[in-house]
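Should a chain be cited, it is by its letter among A, B and C, assigned in written order, with residues numbered from 1 in that chain.
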Amino acid sequence: MTEVLQHQPAIPARPAAGDRSLYAASTKMRRRNAAETRFRLYGVAAVAVSLLTLAIMLFTIIRDGSSAFRQAMLTFPVTIDAAIVDKTGSRDPVQMARVTTVGYGRLLGNSLAAHLAERGIAVEGVDDGDIANMISKDAPARLRDRVLADPSLVGQTIELTVLAAGRIDGYIKGRVTRETAERDSNVTPGQLEMADRLIEAGILETRFNTAFLTAPDASDQRPEAAGLGIAIIGSAYMMVMVLIFTLPVGVAASIYLEEFAPKNRFTDLIEVNISNLAAVPSIVFGILGLAIFINFAGLPQSSSLVGALVISLMTLPTIIIATRAAIRAVPPSIRDAALGVGASKMQAVFHHVLPLAMPGILTGTILGLASALGETAPLLLIGMVAFVTNYPSAPPEGVLDPATALPVQVYSWASRADPAFLERSSGAIIVLLVFLVIMNVTAIVMRRRFERRW
Amino acid sequence: MNDMRIMERETDTRTVKITARGVQVHYGDKHALKDVDVDILDKTVTAFIGPSGCGKSTFLRCLNRMNDTVATARVSGTILLDGEDIYDRRVDPVQLRARVGMVFQKPNPFPKSIYDNVAYGPRIHGLTRNKADLDEIVESSLRKAALWTEVKDRLNDTGTGLSGGQQQRLCIARAVATHPEVLLMDEPCSALDPIATAQVEELIDELRAQFSVVIVTHSMQQAARVSQRTAFFHLGNLVEYGETGQIFTNPKDPRTESYITGRIG
Amino acid sequence: MQTDPHILQAFDRDLEAIQAMIMKMGGLVEAAILDAAQALETRDEELADRVLLADKAIDALEERINTEAARLLALRSPTASDLRTVLTVMKIAASLERCGDYAKNLAKRATVLAQMEPIGDTAGSIRRMAKTVELLLQDALDAYIKRDVELAQDVRARDHEVDQLYNSLFRVFLTHMMEDPRNITACMHLHFIAKNIERMGDHATGVAEQVIYLVTGELPDDPRPKADLTAFARLDEAND
């Protein structure tokens, strides 16, 4: 038997001739390789184009919007003159409330002028009124709120940082020039000169503006004071409510349709309709919301509750579809194993199928929420585009207060005349994008973490 | 030297555990199982053999009403467990499945810890009152499945981290944890390598002292090694049922002989 | 050869049981040979009858061994050394059963010879020959149970002695028959007895060769050392 292994024939050295040789590529092979290389290049080109478009979009937004986070501010000592704010000398906020912002405006103007005189800064080209106008029209209201909250400030001199007027801010950021100031009714070239001097003196500078994120919206006269505070709160309320409405309803509906419902024409019809609902244009949901929630049910217009209800209707089909897919992805062997041990159908679903489907469900929910965050059209129709200046109160009453949402704020700022609002609109887009990225990254991280266990 | 205790082939008991009479199964229009009559004995391993699609798995799944989960299946005829009809309207399939356990072809441990895998059955059937009882059931089940010494230090590791043979033994431990009277096994070794297969077969031989085991297998050699009674199914009919030694040395029906000798598929 | 147990313990039990049956059968056959030869020498008819009865047990064992071997092959699908074990068990059982038959035949003829005059010391020689063959068989079965190839080879070689004993007995019988025709009946019987004992020796050798096959997987190449020249014996040689 062992002899067989010793008589191996020698390896033939002569290669096969012509097209049969392995070393030479045939024409068919060459054409196929060329086609595959071309296909790969198309793919690379497509990816490059997408990345380029994304880069251009991000660059434009960041270029336009990043300046919204910095705002021109004036820093100077302010004397809270009792003669203006507390004529009776009682330090009683109720009494002091009778002094309006006009008085406080005068107070600020006086203080600034006094400080300039003290520092010896030249004031030619501007009169006192002009100097006072360089302060934002929003600042007196802020000061008034502060004094009424703390009457002990009366009589003191405090170092205050207030917003500069919108045109001054625009000058620093390059939107306003001496030429445009000639034609502008809100600013004079003299004020711009004054601004240069103030910058030199260190009184005027741009700082990071946290109020952009916390302050409510402001009127056209005061773009510098406009902020996203209410929009962020409104969006947050809506997202939480959407989560509360859609997650249980969507998951329960999916489980029922997937595990318990009999498979007949009726359930097929339901499945088709759910898929169609996911494709309906969002503005249709806005009309629906207007008709049902506002006109028929009488809920307050522009409230975050109505916004949440409308967006829930839109997100529900997405969540149902994602949940069904996650449940279907659980292998039937797990269900069989649970049934074989003697679990009832309900126990098998809740103890075994659902925990395994949960990562997929949560990922789908977060992605649904992320897209809901950016919905604008239906919210416009239910009135959330109104100008809201008061913060909505805490839930549950707060959900009925009028509010606005981030994408709606972007729309409303973008449609105002003052170019300062355009800058703020881009800033709002940056904030929106940051939230979206955070939500998407959370979805990816969660999916990875749960996938490892399974 | 051995004192000539020849192969304990004789079954230790003549008690009938499951009686089937006139069982038919239809999947929609397809008549999958035709008129099956068989008596499964207690404390015995009964093997179902036959070519693919002959109805052996279908019949196995009738014994613990797993066919209820298939929408198009219709079962008729009588199946009695200890004299009680399992298809009676008063019978809750969930309770039945605690008494008739099942092990599947592909090992399918729950993606939970080893302890939770075995403890799940006793928990949902309320078989224990406190943790100490549960610990005891888990340990005894894992011992019965010849797995205790290998996993006793890592009961909290996930069940899916074990090797194929260990996973199948875990599934067996899970099935015996509810103290069933009958253990159904649907090709339990088909996904395992030969050594793991031999370990599971040795386990089955040990288990038959406590339960009645019914095993469906594609491998005739496995049926010959492990069972005391064998039933041959062909095209939905139960062709022959008898003592394993007799079936494999001198079958009565020519169809059985053709299948066993490898003359028909 | 594998000494680890099978994972399926029932397989080990089955193999042990069938080998235990062979050893028991061997014991019965050895006892039969010695008893039959004793009965011949001591002209003990009762002992001879007992040997005749005991042969039934030997035949029953052989049948049982064959049935169980068939079951083992059908149910266990043994391979390699396990397969050779089962095959050799069947062949050894057949050889032992033939030896048992020869012993029975010896006992029958002993009964007849007890009625006639003894022929010289042939009964004693036959008993000694029987004893040699019984030792051969014992050693062959020993070699089987110990899986000892050297002992098996030794058995093969010693068969030579049995053949020589037969040769000399053959000449003695020829001499006695030529001396006195009244001895012919007894000598014929004695001759058949001697021939059967010689065949038992060949069967013992066969068992030894099965042992070699079992252990090495191949039957021994070299031919058996044969010393039986009686096939070539001629009348005139007997007178030398």
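Simple rule for what comes next: a residue touches a chain if its C-beta (ideal position, glycine included) is under 8 Å from a C-beta of that chain, and two chains touch if they have at least 3 such contacts.
All figures in this text were calculated on a predicted structure; none of them were measured in a lab.
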item: Maximum centroid distance from chain C, chain identifier (CA atoms); value: A
item: Chain occupying the middle, per Cα centroid; value: B
item: Cα-centroid distance, chain A relative to chain C, in whole angstrom; value: 102
item: Length of the line joining the C-alpha centres of chain B and chain C, rounded to whole Å; value: 50
item: Chain centre separation (chain A, chain B; CA means) in Å; value: 59
item: Parts of chain A lying in touch with chain B, wherever the complex brings them together; value: 262-263, 331, 333-334, 336-344, 347, 351-352, 356, 453-454
item: Residues of chain B that touch chain A when the two form their complex; value: 64, 66, 69, 71, 94-98, 101-104, 106, 108-111, 120-121, 124-125, 158, 171, 174-175, 178
item: Chain C-touching residues of chain B, taken from the complex the two chains share; value: 1-9, 195, 198-199, 201-202, 205, 221, 224-225, 244-245, 248-249
item: Residue ranges of chain C in contact with chain B within the complex; value: 6-11, 13-14, 16-17, 19-21, 23-24, 68, 70-71, 74-77
